[in-house]
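Read through the structure below, which is laid out as structure tokens, and then see the notes.
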Amino acid sequence: MCRFITYSGAPILLADLLYRPTNSLIMQSHHARERAEPLNGDGFGVGWYVPDIDPSPCVQRSVNPAWSNHNLQNLALKVRASSLFAHIRAASPGMAVSETNVHPFSYDRFMWMHNGVAAGFHQIKRRLRDHLKDEFYDMIQGTTDSEHAFALFLNNLRTPFGETSPDEMRRALCETIGRLNELTRGAGITEPSFYNFAVTDGRATIVSRYSSGENIEGASLHYSRGRQFECLPDGVCDMHTVGENQRAAAVIVSSERLTDDASDWERVPDNHTVTVLPDSVVSVEPIDL
Amino acid sequence: MCRFITYSGAPILLADLLYRPTNSLIMQSHHARERAEPLNGDGFGVGWYVPDIDPSPCVQRSVNPAWSNHNLQNLALKVRASSLFAHIRAASPGMAVSETNVHPFSYDRFMWMHNGVAAGFHQIKRRLRDHLKDEFYDMIQGTTDSEHAFALFLNNLRTPFGETSPDEMRRALCETIGRLNELTRGAGITEPSFYNFAVTDGRATIVSRYSSGENIEGASLHYSRGRQFECLPDGVCDMHTVGENQRAAAVIVSSERLTDDASDWERVPDNHTVTVLPDSVVSVEPIDL
Amino acid sequence: MCRFITYSGAPILLADLLYRPTNSLIMQSHHARERAEPLNGDGFGVGWYVPDIDPSPCVQRSVNPAWSNHNLQNLALKVRASSLFAHIRAASPGMAVSETNVHPFSYDRFMWMHNGVAAGFHQIKRRLRDHLKDEFYDMIQGTTDSEHAFALFLNNLRTPFGETSPDEMRRALCETIGRLNELTRGAGITEPSFYNFAVTDGRATIVSRYSSGENIEGASLHYSRGRQFECLPDGVCDMHTVGENQRAAAVIVSSERLTDDASDWERVPDNHTVTVLPDSVVSVEPIDL
Amino acid sequence: MCRFITYSGAPILLADLLYRPTNSLIMQSHHARERAEPLNGDGFGVGWYVPDIDPSPCVQRSVNPAWSNHNLQNLALKVRASSLFAHIRAASPGMAVSETNVHPFSYDRFMWMHNGVAAGFHQIKRRLRDHLKDEFYDMIQGTTDSEHAFALFLNNLRTPFGETSPDEMRRALCETIGRLNELTRGAGITEPSFYNFAVTDGRATIVSRYSSGENIEGASLHYSRGRQFECLPDGVCDMHTVGENQRAAAVIVSSERLTDDASDWERVPDNHTVTVLPDSVVSVEPIDL
């Protein structure tokens, strides 16, 4: 189990998402609030897009804890992004802490993160890989359920990279969950799996909140949408609400609320996806498998 | 603030001290019990002696968290030591997480660890260094109060390396605390300092529990002494009591009790030292400055 | 292409193999002599056995260069081993520098190293994996041809771990080479592959020198056998020859000669294996596929 | 001895300086041409300015070799800078490989790099530090001669940060060399020192080429000035010459020529400085001490 955050909207300094909020992602790396275990110290990753250079993301990952990483601290104070993924890892038991296992995973223009676990993953790994086209089979560098789910997602896409619509991304993500369910059921695994996945192509972002267990809640997930997310010099961060004749230009989807102002945040219902479009339109839809 | 452990006695597998006890040092790296903040994830170090090779210790250090380090896991299952220091670090604010700042520090045959903080260290650092002989001035590789205190300790020794008695080591350690007090007082620093120091030459070990603040308790410190410290295959670890006609052959001094059996552990009183001699004799004495 | 060394015999300080010889493995990490590219800076690993504790090896690996690693320097001065593997890596193009890709690989009581490359590995990887029993399929943590060859070797063993004879180990190693040849041929790959493999169970060691290309020499491989390998205080290291009424008690197999005294070293012929038995008996045999 | 590069001019993709030229800095990390030892594998650092955010640089450093660092590879493809410092380190004997010893060093708006060595540095370190104001004494995090020289440079500045003219920077740099000469002479050190220093405040850049030994050449240093430095899709990189009615807008100062076209490069004479002004005006002046 891990924690993650996505941002889409007007360019924002990374530090305003990662360091400055009361319950920032860096704070969550050692003092997460909404999971039983507050520690997410098994590495971190951030990725963002520089669309005027090329459509693939700039990903920076490390197995070191996020809270003490000087390079991340320096970057966060100097990079502005309009589309960001960031993740802090708490390695599941038996999953190695190695750079190849750190999120976000990326391929071509896509980034992928996971907060959760595929129950009994070792029992389904081989069959999962058998489904994959060579390209995505070969893409896998590490050993996590998360990266394998990413390969499955890419395998499910029906349109060429660069022509994928938000709807198609959402469909492929839901198909990924459905396929994982088939695989675990087929292997006789009865423990619940947790699939909070986030995927983006640098334009649209889809995030799922999903638990395969009946009456078992998925991992926490929230979003916040407004005119601008801003951290003032006094250290208070806030999502400004959209006034009349104004447009939303900032959407955060996050495992935990970053700020104490609960009115800024919507809880994503279980077994739903959040879709964030380039114009900051957000839709929440049930996952029908 | 950090956590540490020292062991002296019959050879013991490192895993039996570092991993297997209920409240092992590795457990304390993410779930310390006896300090407000349970996390000690800013690196770790272990050092032990191989006296049939030479009198200097074998030190292994890393800025990575102890809980996920494969090399430490492997070593701990294959190395037996009769004299061990181990430390997990929680960097004080403003102290860099870098390998040169990881404990134990070592020089010649000595190892040194610190759990605590010299209040206002940056205000006394320069005057502290002015006291040092060139040899110990040049020895310093990092920026911590802890390593500087070690340099002060070595500077205070009146006998050549290799001829230092346990009494002389204890005297130099107490003088180190006294000198630090003079320096902080001289700089007008009024916040309390905490000096749980551990030093060994591979034969005797001295550990202090000290707070410079009136009516302010020092960081926790315990010791356990017995015939043998053993972890059974069922996972239960225990210090065996010394029966009639038996001799003590195992002494642990530790920031926290490693096991739940409180009767195995003695709390070190504030402003006292624990001295562990090579024959496992333990003495607890007040620090008179 | 990489460099490696194996040692079997009377206990020897690691530094006497890794650091002190004129052309030590650490020297080869930046100034290898017998390959076109002198740099092997993409990580290192060492593994040795402590048979009175258990039959699995103690492996220490890092992606950092060997030449500057303080932990390795300290360990090498304090650990004696009677069975050692050590490896320095020069990552093949396209193979990630990550801890999971560093040699020696280990599983149960076996260690495995590789100096060479399976040509067109990405084209045979999937079929190779299809051959593997689940246990060895799941064992794979990284992405190298080398680790996959290790999985194939384990898959080829016909006897349970712990009951494997040196002959059976040699047979399985040769079968591994044969199977790799089948796979690359089947994929239409015509470039030569290089399979200098080393495997040990902590008692016997088998090392191959093999090139699949006709008239293309395999990577360099040498061995030295004598009464004792010793480094004198003046820095000169030497394999003492076996006199009358004396027994050999030290065998080194190494990608490069460690010392300048060529008379101490035998060149392993192409497409042969060297087998080192626990009593330091060495046999060199052709690889018949 | 190390290798470094500075760039000032129109924004350029980091990859076009660090990776794409024939003799790029990354190439020099394993195959440097103009020093006896081709290896510079003891860490790397890059720093650049984002002036619309704040005047301090964004520095990224690592003890890992530059050639295999994924984060650097990714960043270099996505960051454009108009003022860049980059450095690859070959640690001098006895200087630890630790993150705090990696260049460029930075403080407030300044960055500093060094290619060379202060002879007998350990004999002058303490007296050098005695000269420093507390602010710069406390700034020092590592143990290198290079970082101590940076502290001396800052100590020599007579104007507040942010108001320092290029002339004042040059004067302070030359004074630093003079002071180091006094210190080594005073300590009776007769071996030559090498002081190729580079300093910038994000606007002007001063680089020295200096050897304190009579008739002993300083480390290599070159510069290239033109309209634009460009790497074409076919992989050829070139400094475009300034035509009539055109202005220079790109200046590289580098330990080695990055490209094979020698006509693009000027060799900096021994014991001279190169000053690069914000408008790409370059002046080469002798160092008079």
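Chains: A, B, C and D, in written order; residue numbering restarts at 1 for each.
Rule of thumb we're sticking to: contacts are C-beta pairs under 8 Å (C-beta built on N, C-alpha and C of every residue); 3 or more make two chains touch, one makes a residue touch a chain.
Computed from a predicted structure; not experimentally measured.
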Interface copy of B-D among A-C, C-D or B-C, judged by whether over half of the contact pairs recur: A-C
Across the interfaces A-B and A-D, which one involves more C-beta pairs in contact? A-D
Over half of the interface residue numbers used by both chain C and chain D, so same, or under half, so different? same
Quick check: how many Å separate the C-alpha centres of chain A and chain D? 39
Each of the following residues of chain B touches two or more other chains, namely 70, 96, 99
Sites on chain D touched by chain A in the complex: 13, 50, 53-54, 58-62, 70-71, 74-75, 77-80, 99
Spell out the part of chain C that touches chain D in their complex, as residue ranges. 30, 39, 41-42, 63-65, 67-68, 70, 91, 96-97
Please name which positions on chain A make contact with chain C in the complex. 96, 98-100, 122, 125-126, 129, 134, 137-138, 141-143
